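Following are the structures in question.
Here chain A shows up in two complexes: once beside chain B, once beside chain C.
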Partner chain A sequence: MGRKLLLDKVHVDGIRSYDVYRREGGYRSVEKALKSMNPDAVTDEVKKSGLRGRGGAGFPTGMKWSFLAKPAGVPRYLVCNADESEPGTFKDRYLMEFIPHLLIEGMIVSSFALGSNLSYIYIRGEYAWIIDILEQAIAEAKQHGFLGKNILGSGFDCEIYVHRGAGAYICGEETALLESLEGKRGNPRIKPPFPAVKGLWDCPTVVNNVETLAAVVPIINEGAEEYAKIGIGKSTGTKLMSACGNINKPGVYEIDMTIPVEEFIYSDEYCGGIPNKKRLKACIPGGSSVPILPANLLLTTAKGEKRLMNYESLSDGGFATGSMMGSGGFIVLDEDQCVVKHTYTLARFYRHESCGQCSPCREGTGWMEKILLNIDNGKGRISDIDLLWDIQRKIEGNTICPLGDAAAWPVAAAIRHFRDEFEWHVLNPGECLKSNYGLAHYADEIHMPLIA
Partner chain B sequence: MSEVTKLFKVTIDNITIDVAPGTTILNAARQIGGDVTPPAMCYYSKLEGSGGKCRTCLVEVAAGSTADPRPMPKLMASCRTTVMDGMVVKNITSEKVTDARNGVVEFLLINHPLDCPICDQAGECHLQDLGYDHGKEGTRYEFARRTFEKEDIGPYIQLHMTRCILCYRCTYVADQLTDKRVHGILDRGDHAEISTYISKAIDNDFSGNMIDVCPVGALTDKTFRFKNRVWFTKPVDAHRDCETKGCCGKATLWLRGNEVYRVTARKDEWDEVQSFDGKPGWICNACRFDKKKTSDWVVEGLTTINRHSVIGANKYKALQMPKETVKEVMGGRDPKLLMNIHNVSEVNNPAVHLSEIEGPAQMSDFKNSGEHVEGAGESTQWGMKK
Partner chain C sequence: MIQFNDKKLGEVAEIVNRYPQGKQKSALLPILHLAQEEFGGWLDVPVMDYVATLLRIEPIEVYEVASFYSMYNLKPVGKYMFEVCQTGPCMINGSDSIINYIKEKLDIGVGETTADGMFTLKTVECLGACGYAPMMQLGKNYREHLTKEKVDAIIEECRANAIKNN
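Moving on, here comes the complex of A and B:
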């Protein structure tokens, strides 16, 4: 049984209310930070904890905080990125819905560390009911003196506002989020300058994911050393995984990043295996934009080691034979699933969500979608597979923001690992509409070291 | 000036130049000129905030600076990346750049209608130039192209959204030049479009400058539509005392005979409006659309066309050829001229000035010219008068 730091109290009756949350030890970290620590000490603590951004990129949070420019007389902002829109990722929704005070508590401590007197939660508009929950939590925190002027007599003022997005995936990209927060069209900005120097209203800004900010609470409560003891290597602490697809128990799980992928899928503590005695075909371990892996490479790395659920192990082998931890949206595909259709679905999503600002992403995502639809409908050609590869290659790395990469990677990985399934679709145009390629050899043990 | 600003040394395609700190790679390359300069479809130096979007100006930074000589991992948008001292940039000498740029051109063309034969922008279109330099002869795109209904943006401008490459320049004009912006980008991705809200006409004194900044034929002058091909018209510099506040009154008239077909702002070699007294020379709608008689203007003389473009290809009397940098890039080696097109074809004989042809051009117009192409067969670059 893994250690839980974020969701340990989530099933306590009434934890959503301030009274119960406080009774269960809530807001201790605010008291500890504001009464016995200075802002730099809090930042140091987060640095020492090894906490990495939980939004997808996995950048060390403490380091991000220490990059924040601090010119005198200029306000600084903390913005919580709650625009969780990656297909397959729904961990922040769970956290905010069931234990909203944890996020508020984490935000107060983080705001204190960064010197932000005005912090925002940018939440996707589709989470309409959660906005009410968060605003209720903010009101309760303020009523009990954890927000507002001169919090706990420390002289630190802080207000938190919830801002609602209008339904664009791109607004989860931090600079597009800031544009949207300023009331503009949510187009990503060209970096540099980075938000740490010129962010919201051209002031230094830190944008952090919901789970990242919530994780600050146990770090301050237990101390960085204790926190860093959990996990392996540079993957410290616990991680929320939102598991979905062909599994018996879809849901949000808090894991301590030491368990093997195999255990996560098959153990009853987590996903509980695959329904109807089906076999595992493929999995996207970190949300729709990270590379898909066939069963064999998912469970063991190319070196033949057991793959673990953490940043390093999931990305072992690079994109040739590995994937990424991403935002923790764990999507499992069983042998009845068609990788071509699946890839088409994702391509359609990215085409719809591309902001249209830069050419490769605007034009390339639509082109890939159309080709994939053809292949899926049995109208593809063998040359289309190479064309897809070429298109994704010309999008990746050549765009303003990572959405281009996010659109290119799933297509690249699908072709890299499932090329024969694409070919089967092309060569069996009638058959592919009625049945599917099945498991094929995707779970076979790998004897040769793979070279992409 | 008590203190002299230290200049940054930057090397672009083997050519080193000293530029002021804060200069972008693109502008440094423009100071060198010629083929070393990356193409730019969305960047416009006179419009604040423009650039970074089209990705045609991507370059490889082989060394970040003297202090930190590591190469940058990704290709950089040269229009929005400032130079560092000791930076080494590869543009036409980088295979990665050529590959990526070919990709961008292909992306820009998949939804472009390629209706150049009936497009007023043809001849001075940046996408034509770009396609000429980097495009493939065929297309790999087999699907229906996105199309839009034509839209009138005010009384003088037609928006042909189907041709638009979403460079955003016109929205910056509307933002920065006119009082109230009533047009912008609607929707997302490849279905995004430039539009005015609820077809609200743009009615202000400077909206016509959107036509000048449009790199393609998406925004065209309704008073000039289908009247003439630009290469048959003769550009002259002219000015008038314009009472509109903010109008520089200096323009280029495009004539056929003595008739003024079109009025545009004066453009520099990068096809941007020229600056006068440090200010961009935008012109007002009255100058552009209403003053269509030579008597409205004081004509100064022939406009020097010095743009490396289809229209710059030896069609004008006052023509300044673009600076050649290829020899320098190639370390002193001269490129070899494989064939001079004028040796085998009489069409477009450079000795014939198109604006002097009466009526539609015929083969006989070129045959009867009697002049022979000077330098043909010799190893000069273009086989034409310098």
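Moving on, here comes the complex of A and C:
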């Protein structure tokens, strides 16, 4: 069983309260950082730990911190991105709901490192009950001297506030989030300038995901070297995975990134296999934006190696035969699921969530949704499949923010790997309304040509 | 006349104080939530104008925000709004049949409100409860692992609460 750094105490009775959290060793990292380290030393530890952003992009956190501009007399801000909205992803919710002080503790240490005296948690509006939980945790931390003026006599002041969003996936994009935090529509900004130079109210700002900030706690407590020993290659530490779809045990799992995908799906410690002895057809391993893979390519890379649950292995083979770790939203489809229909729901999602700023995304997402609905309803033509391919290709890379790519990739991957299922829908317009294409050949062993 | 009571005005002041001097516009989203709760579950134009006055911004700055975010209702809704998620992971777990069941049971379509003004059915995109699908948002909370029986119980619960609160 892998080591847990974030969720090891989540089942302790009353861990949501300050007293129990503190008794279990909580807020030690704040004491260590503020009493015995300077801000740059904290940033160095995070750099050395190899921690990568857990929101989806996987950018090295310490490096992101080191980009923060520090002009004299200008405030700097830390903003926690708790706008979790990527379909398949519900890990941050779990962390905030059940062990809220871990996020607050991580934010205090991170605010100290970055010199932010005023930090915000931007939370999606629908997580309304979690706001109460976080505000309670903040009040308790403040009451015990971990927030407010001159924390632990260090001379460092810090306040944290929760800012409630109002239903917009796009606000998970960091510049849209900042616009929203300024009381505007969530339209992403053109970069550069990057938030590290010009962010919230034009001041230097770092935006980090919930899980990323929580991971700062074990990094400071145990030291970067210890943290980096867990995992493999550039996938250090632990990762929260939220697993859903056709599995026996949906939920949030903290994994060390050395386990095989097959073990994650079938072991009782994690997903517990697929219900009713059904066979695995496909999986989206890192949230709805990342490429869907058929069972055979999911479990084994094109080179024939067992695929592991980490950044490098999940993306092994590029988009041709691989996928991505993304946000860790792991969606499993069994042999009874229809890839066309599933892709249609995702296309509808992206059309709904496009902010409308860039025409390729605003128009293209709507076209893809309509075409996919037609194909799903047996009203498609073979040329529609090529048209879909063409549209997604023209969205990708042609928008201000990555929502365009996020909308294009699921459609591209579905056609790349499941084209015959799309064709079957077109050629069997009556049949596709009553039954589905089933498992077909998607779990067959792959024989790749050997390259001399 | 649209006006928050003193207690709510205190909350408004507290929210505005979370942001630096002169950045009161940042309080817009939280205050629109407050206004929607307080003034009948939706944002009528006079309500939005009032929020603009409170924050010393132009009314258009409020309209453009209220019309962007899906949680703000720009027309009246029922006392209880069933917001059922229909994105991929919920679809796999049967959200379509839950939506159809609610339609039949309440005799309304998606986006419609029952004649007695009690229930509105809305379909929404991913609410971050994929592991507990199918699900809906009801007020401040999520109702998860929905079944037809659970939907029946939720409808009864809402009706009972409405009677109790009257």
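Before moving on, here are some points about what is shown:
Please note the rule applied: the second predicted complex is superposed on the first by the 448 of 452 C-alpha atoms of A that agree within 3 Å, B and C clash if a C-alpha of one lies under 4 Å from a C-alpha of the other, contacts with A are read in each partner's own complex, and residues count from 1 in each chain.
Quick note on the criterion: contacts are C-beta pairs under 8 Å (C-beta built on N, C-alpha and C of every residue); 3 or more make two chains touch, one makes a residue touch a chain.
Worth saying up front: this structure is predicted, and the values here are computed from it rather than measured.
In the superposition on chain A, A:Asn398 makes contact with chain B only, not with chain C. Touch counts on chain A: comparing chain C and chain B, the chain ahead is C. Looking at the shared chain after the overlay, A:Trp201 reaches chain C, while chain B stays out of its contact range. Look at A:Arg185: by the touch rule set out above, it reaches both chain B and chain C. By the touch criterion defined above, A:Arg124 reaches chain C but does not reach chain B.
Using the contact criterion defined above for the overlaid structures, shared-chain residue A:Trp367 touches chain B, although it does not reach chain C.
When the two complexes are overlaid on their common chain A, residue A:Tyr21 makes contact with neither chain B nor chain C. Of the two partner chains placed around the shared chain by superposition, chain B is the only one that A:Leu387 touches, whereas chain C remains out of contact.
With both structures placed on the common chain, the touch criterion links A:Glu353 to chain B and to chain C.
Look at A:Ala168: by the touch rule set out above, it reaches both chain B and chain C. The intersection of chain A residues touching chain B with those touching chain C, taken from the two complexes, comprises 168, 185, 352-353, 355.
Residues 18, 20, 23, 25-30, 32-33, 55, 57, 61, 64-65, 68-72, 86-89, 91-93, 124-133, 137, 140-142 of chain C touch chain A in their complex. Across the interface of their complex, chain C is touched by residues 75, 84-90, 93, 118, 124-129, 161, 163-169, 180-186, 201, 242-246, 250-252, 284, 288, 329, 331, 333, 337, 341-342, 345-346, 348-349, 352-353, 355 of chain A.
Residues 168, 170, 185, 190, 351-360, 362-367, 370, 387, 394, 397-400 of chain A are the ones that touch chain B when the two sit in their complex. For chain B in complex with chain A, the residues that touch the partner chain are 51-56, 58, 74-75, 77, 80, 99-100, 103-104, 106-108, 110-111, 140-141, 143, 165-166, 168, 184-185, 187-192.
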